[in-house]
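Paired with chain B in one complex and with chain C in the other, chain A is shared by the two complexes that follow.
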Partner chain A sequence: MSSRILPQFALLTPQSISEAVDMLAQYQGQVSVLAGGTDLLVWNYIRKVKPTYVLRLSALDDLDYMNYIPGEGLRIGARAKVAQLLEQPEVAGKFPALYESALTFATPQIRNMATVMGNVLRASPAGDCSCAILALGGQVVLQGPDGQRLVDIDDFWISYGVTARKNDELAVELRIPEPTSITRSAFYRLTRVHEDLAKLNVAVRFEMCQNGCRSARISMGCVGPTPLRLKQTEKLLEGVPVTDELLQQVAAAARKEIAPIADQRSTEEYRRQVSGVILTRVIERAAGTHRIAI
Partner chain B sequence: MSKQTYVGKNIPKLDAREKATGQAIYAADLQLPGMLYGKIVRCWDHAHARVLKLDLAEAARVPGVIKVLGPQDVTRKTYNTGVLDLMVPGEIGQLLGDVEDQHIFTEHVRHQGDAICGIIAESEEIAELAAEKVKVLYEPLPVYLSAEESAKPDAFQFDERKPGNRAFQLPEAMFPDNSYGWGDVDVEMAKADLIVEETFYVPKVKQCQMEAHAYVAHYDQTGRLNCWTSTQMPKCVQPKLARLFELSISRVNLVSTTIGGGFGARLGMVFEPETCAMAMAVPGRPVKVQSSREEDWVASESRHPGKYKIKLGVKKDGTPVALDAHFTSNAGAYFTHASGTAFTTGSWLSGMYKIGALRYKGDTYYTNQAPSGAFRGYGNPQTNFALEQIVDQVCKKLKIDPVEWRKKWHKGEGDDGWCIGVPYSSCALDECLDRGAEAIGWKEKRAKYANQSGTKRRGIGVGVMNHTSGAMPMLLEHTTCTIKMNEDMSVVITLSCSDLGQGSHTVLKQIAADSLGISMDEIHILVNMDAAGFDIGSHASRTTYVGGGAVLKACEDVKRQLIERAAIRLEIPEGELKIKDQQVLSRKNPEKRLSVKEICHTGVYNFTDPQTGKTNGVPGQIQGYASHFPSHNSPPFGACFAEVEVDTETGEVQVLELVIAHDIGRAINPMAVEGQLEGGAHQALGMTLTEETCYDEAGLCRNNSFTDYKLFGPVDMPKITCILVEQPDPIAPLGMKSVGEAGPVNPVGATANAISHALGIMFTAAPITPEKILRAING
Partner chain C sequence: MKTKMITLCVNGKDHRFEAPVNRTLLQALRDDLRLTETKYGCGTGECGGCTVLVDGKDSICSCLTLAVEAEGRHITTVGGMTRNGELHPIQVAFIEEGAIQCGYCTPGMIMKTASILANNPTPSEEEIRTGLEGNICRCTGYEKIVQAVQRASQMLDTSQNQKTGGLGT
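Presenting the complex of A and B:
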C-alpha cells in the first residue's frame, strides 16, 4: 500500500517540553513524535504506521543544540540534525566513530532533516549513528511527568523498533561521554550503493595502551533485532596486543556472537561471513599505530 | 544553405534550463478550472485473486466524492497497452498471437497493483479517504512468479487463448521449428572442437524515470476527449484511446506534456485508459490522476526477466561454428510486449557475430509479476549479458584475446544485419575496438591482472553490441513534418516526435537550422497532435534518425518552393538557381538574387497593384512538408571496456572506469551523444550489479521504492570516457546512426567480463551482488 496523501491524524504542536510530556501522557500510545520526519513521514505514506496523533517538535527550538562540554562530552538535543555532527568542530577529533557514521549517513538532504535522536529512537538494527553511539557509550535523557531519568544506551533498545522510552516520556537529549587521551574509535558500514541503508555496520571504541587494548566496546548493526554489543568478542581484545592471530580470533568470535537474518539488502550467510572481515578492518583502523604486525 | 553551423557542435539541450529551474510544466503541474481528482484503487494485498464482491457504497457516501466507478461502470472493452498492433500489419499481429487482455478495472487481479475501481472526488485527499472505504472480498488464486511455475500442466490458466500460460513463442507458421537463424545448428555443432553452454538469468529491472506517471483528462462539452500525458508515443496513444472509447481520432485531443524520462516506461499506454475512463464519467470536468512511486512500480512495465540458455560451439582456432540459444522470459501478468521482446532479443544475438549456424528460440510465459514491457534496449542488454560472457568463456578456454576474437568474428558492412535479410550498411566496430582498447590500456592491464593474489583484485573486460536506428523494416517507420516559414523568415516546425529528455528536439532544430541556413533561435518546434501529422513515437532509437530524416525532407520542400518562386520573380530557370546565405541567386550571375526573407514576406503580404493588376511577389505562405518512410535502419555498433576492482573478502565490486567507443556514423550533437552513453551506462551498471525487482512468496513486491531498489548514485559511477567514432553511414541522413538504446547494452557484458577476469569466475545471474560473489569465492 502506498499513497501520495498522508493518512488523517491530529497534529499536536506543544510549545514547551512540559506541554509535550503532558500530551504524551494524555494520548498514551497513540502518538508518533515527529522531528526530522525522514522515516515517520515515509512510513505514513506507505501506511506502515497510521498514528492517531502526530506530535511535532517544531516549536521546541531549544532542543536544537549540539554542545561539546570539555570534561563531560557531547550533548545532543532531540532536534539536532545529523548534519550538525559534521559541523560541530569537536566531533571529528574526539568522536571519530560518530563523525564517520554521519559522514556516510543517507544523503545530504536527509542528513539536513534527520535527527540523531530520531535515529536512536527508531530502534532499527541498521541505524548508523545508533551503531556508533552504542560503541562510544552514552545515555538517553528521558523526560516524563515525574522529571528526567537517564537510560544507558546499552539498555535503551529492547527489541526491533522498541525502546526503553515510556509512552509518556519525551527523549530530550543524548549524552556521549568524553573520550580520554587514549580513546580511539572508528565506524564502517557496508551498503549496496553509497546512498543506502546499511546492510552491515560496525563501530568500535578502544582505550589503547602500549600493550594493546585496555578496554573495548564493539557494536554491530544489521545482525540482530537491534544494534548489538559484541561483549564476548570485546573480551578477546582486552589487555593483549593486536596481532593478526588475535584479529582472526576476533573475527571468528564476532561471527558466533551475531544473529543476522536475510532481508532485501543482504543474506544471513553474507552478513555472518563479512561481519568478521569488516570488524577486523575497523579494529585495524582504530588501533592505528598500536597495531602490531607479525 | 549547406554550411554546417550547428550540426556536429556541442549545443546544450534547449530545455535544460527550464527543467533545472523547475519551470518545465509536467502533467502533474496542471491545474484546470473545475478540476477533479481521480484515484485508481489498486489491489495491494494479493498478486492473484478473484474479486468476489466489490462494495463501493460507503466510498460513494464520503462527502466530496463525485463518482465511484467499478468494472461495470466503464467500457468493458479490452486493450493491450503496447502498440505492436499499430506497427505491424494485422495479419502479422495475428500470427504473432498478440492479444488484448487488459481491462480498465478488473475483477481478476493478475498482479499486485492491478486496478479494481476508480474514485473521482473534489480533492485528492477526499479520493484517498474514499478509497479506504472501498470493501473488496477476494478469493486468492495460486501465485506464479516464474515461467517454470506457471508452465506446469496443472497450473491455473491465465487466458484460454494461451494454453499452458505460454503467452508467446515464435510462431511455426512464420518460423519453422519455432526458431529463426540460419544453417543446421545440430550438424554444425557436432563439428565443434569446444562447446560452451550456460544458462544465464537476467533480472527484472525498472526504468526508474524521474517523473512518476501522471495525467489529466477532460471530456469536454464539445464531445472531445482531451488527455494530457507524457507518453513517448502520442500518435499511437491517440488512436488507441479513440478505439477504446469508440471515438474518431479527431475527437481525441492528446496533449504531450514535458516528459520526465521515458526509457520505454511510457511506450504505449500506461494509466491513460483509467484516467480517460474517469473523465468520460464526468463530462465537462477535468480529472487529474497522479501515481506514487510505489504505484508506478507495481503497476507499470519493466524489462523482461528470464532464463537465457546459450550454447556456443567453436573450432580450436576459435572459429564459431554454431550457436544455439533459447530465451524464456517472464511476461508478467499481461501480454503487452510478450511477442516483441521475445522476438527482438534474438535479433541482437543474430546480428552480432559471423557464426556458421545459428538458432534462436524465444518464448514468454505469464506470471503474477507486474507486466514486463519496453525498456531501453528492448532485449539487447539481456542478450549482451549472455552472449558476451559466453564468448569470453570460449576465449579463455582457447587462450584467445577477447578483443582479437571479436575483431575477427563480428559482423560488418554487407553482412546480414539484426534483421535477417537486411545487410549492414556500415560498421565501424573495428575502430571502436582499437580506440577503446588503446584508451583503457587493454593489453597491459589484461596481462598485468592475469595473475593476482591479495584481497583487492582488478579485472578488465570488453563487450560489443549492435543496435538499430529505427525499426524498419520490422515495424512501421513513419514520421511527418511540416515546416512553416513565417513572413519574417522565422520558422515553426510542427511534428509529433517526443523529446524524452534525450535532446531530440535540440538535435532536430540543429538539423533544420543548418539545412535552412538560419539561426536555431529563429526556429520553434511545435508538438501538437491536432496540428501535426503522424509519427510512430520515440522508441527504437529512431527520433534523430527518422525524425531528422523527416525534418531534412521538409526543409528540402521549403527550399524547392523558394527556388520555384525566385525563378518566377527573377525569370531564371529553376535549375540555374541556388540558395546561399539566405539568398536565392543565379549560379551564372550572382547579382541576380532575391532574399529568402522577401520571398517569405511577399508570400504572406501579397498585394495587388490596382493600376497594373500585378502582385508584389508570388502569393502563398510557404510550408514544407514531408511524410517520411526511411529506407534503412543504419545500425550502430559499439565497444565498451570496463575495469573493476573486486574485494575478495567482502565481494564488493568497484567499477573504476568505463571506456565506451560508439559507432555513431556522424554525431549531430557530440555532447548529447555522450550524455546518452553515460546515462545508458548508469542503467547497465545497475542491471549488472545492483538492480532487481524482487517479490515475496505471495507475489508482493519487496522493493517498490528507491529505499529498497538501489540504482547507482553519482558517487558510485566510474570515470567514463566516451569515444565517438565517426564514419558516416552511406545511407543515413547526414551519415548519422543512433545512440539512445545503445547506452545500456554493452557495459553489461563488459562489466560482467571484467569481474570474471578479476576472479576467474563467471557469474551467470545478474545482478552480480557481493553476496553471490562471496559465495562463489568461498565455494
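Presenting the complex of A and C:
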C-alpha cells in the first residue's frame, strides 16, 4: 500500500564527508542516507522504512564525479547518477557491460535521479548496474570513523538487502578496475518493458586470448538473494575455445548453479530455462570475433 | 512538525515558503504553490505524470524528489512553457497532432518531450520512443504522441533557424 504522504523525519545536511560519518555514528541505526531518493522515498511511502533521520548528501558536491583514470580504471562518486554512465565516453568504450546496464536501466527520469552507488547499496538481486559491476569486478570504498576501508564487490552483498557497510560508514566511491587490451564485457537484461525490474540479468567479463578465454567472470541477477557469481560455470570457459558444444555445457551448468524463485515477474522454471539461453547469447556477444566456430 | 524555510525557483520565479521537510517537490508545487498542472499518478516514479524539468534539460519525477532537494535548481512545469500567453511549439504540436485524449499524462509528456529535444533536437522515431519510456498514457495514444514529438522537433528546428528560441527554464 502506498501513501501520498511521507512519514515524518528530521533532516540532516552534513557539509563534509567527515561530518556525515560523525552523524552516522551519532544516530546509528536511525538514519537513512538520501542520494537519488528513487528507492528511499518509495520505501518511505510504503513504510518499509521509517527513519528518524534522513541524512542527505546534497551538500557533498565533491561526490558527483565519474572519473576514468588511465591505468587505474573508473572511479564513481557516491552521488554520480546512472545517466552519467551514458555520458562518459570511456564507459561505453572500456566498460561495455556497465554502459549496457545503464542503457536499459529503468526510465530516463529515474536514470537522471538514481545513483550507481545506490543501486549497489540497495543489494537487490535485480540491480542492473550491480550485475554489471559484479562481472567487471571492483571495490566499494567505505568511510568510517576510523578511516577508509575497501570491500571487494564479491564480498559486498551479504544477503537480500544487506551489505557489508556498517551503520557508521558512508559508501563514498566505487572503483572498477582498468580493462586490459584483451578484456571483453557485455550485459543483457531480460524484461518485459524497461520500466519493469529485470526478470533476469546477466553480465560477463572475459580476458580473451588466441585459444579462447583466459579467465572469465559471470554474474547473474534475479536468480538468488543477491546478484550471483557463477564460479562453477566460469571454470568451464577458461582456457578452451568457445564452441557451440562448450556453450551448451555452459548453459546447462548455469541452470544448475542458480537458485531462482518464482515471483510476479517470472516463474522459477522460466528463469532456469532462459538463464542458459541468455548467458550463451551474452558470451557470444562479448567474445565477438574471438569466437571459434567448428 | 519538522519544517524548513525554502526557496524554490519555478518557471523563472522564486517562491519562498516554509515547508515540512518530508514534503515532496510534487506536493510543494501542487499544494503550496497551487501549480496544479503537474499531476500525481502512481507516487512511485513509474508513470511519469509528475515529470518536471530541472535546469532546462533533465526530466525528473517530482514525486520522488524532496522539495528541499530542489532548492537552488531551476524547475520548469508545463505552466512555464508558455511565453507571453503564447503556447510553446511543443504544446502546439501536441494539439495539432491530436496527441491528447484524457489529458492526464499530457503535462508529463510535454515536459519529457522538452527534455528529449533539449538533449537531442532531431531525434529518430526510435529515440523518441526510448525517450518517452517512463511516461505512461493510459488512453494508449502513443502513436500520436510520437508524431507530436516529431512535429515539435521540426517546428523548433524551423524556429531556431529564424530566431533563437529554446526551451523555458
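Note that in this section the second predicted complex is superposed on the first by the 294 of 294 C-alpha atoms of A that agree within 3 Å, B and C clash if a C-alpha of one lies under 4 Å from a C-alpha of the other, contacts with A are read in each partner's own complex, and residues count from 1 in each chain.
One rule holds for everything that comes next: a residue touches a chain if its C-beta (ideal position, glycine included) is under 8 Å from a C-beta of that chain, and two chains touch if they have at least 3 such contacts.
Quick caveat: nothing in here was measured; it's all calculated off a predicted structure.
Colleague: Using the touch definition from the top, say if A:V193 reaches chain B (first), chain C (second), both or neither.
Modeller: both
Colleague: After the superposition on A, what does A:S101 contact: first (chain B), second (chain C), both or neither?
Modeller: Neither partner.
Colleague: Does chain B (first) or chain C (second) touch A:I278, or do both, or does neither?
Modeller: first
Colleague: According to the stated criteria, A:G37 is in contact with first (chain B), second (chain C), both, or neither; which is it?
Modeller: Touch partner of A:G37: chain C, not chain B.
Colleague: Can A:S124 be said to touch chain B (first), chain C (second), both, or neither?
Modeller: In the superposed model, A:S124 contacts neither chain B nor chain C.
Colleague: A:Y270 in the overlay: touching chain B, chain C, both, or neither? Say first, second, both or neither.
Modeller: first
Colleague: Answer with first, second, both or neither: which of chain B and chain C does A:M113 touch in the superposed model?
Modeller: second
Colleague: Starting from the residues of chain A touching chain B, keep only those that also touch chain C in the other complex, and list them.
Modeller: On chain A, the overlap between the chain B and chain C contacts is residues 2, 4-5, 8, 42, 45, 193-195.
Colleague: Can you list the chain A residues touching chain B in their complex?
Modeller: 1-5, 8, 42, 45-46, 190, 192-197, 264-267, 269-270, 273-274, 277-278
Colleague: In their complex, what parts of chain A are in touch with chain C?
Modeller: 2, 4-11, 34, 37-38, 41-42, 44-45, 54, 56, 58, 83, 106-110, 112-113, 193-195
Colleague: Please give the residue numbers of chain C that touch chain A in the complex, ascending.
Modeller: 1-2, 4, 20-24, 27, 40, 42-46, 48, 51, 54, 58-61, 63-66, 68-69, 112, 115, 131, 133-136
Colleague: What residues of chain B sit close enough to touch chain A in their complex?
Modeller: Residues 44, 124-125, 128-129, 131, 290-295, 649-652, 690, 694, 702-705, 707-708, 710-713, 715-716, 769-771, 774-775, 778 of chain B touch chain A in their complex.
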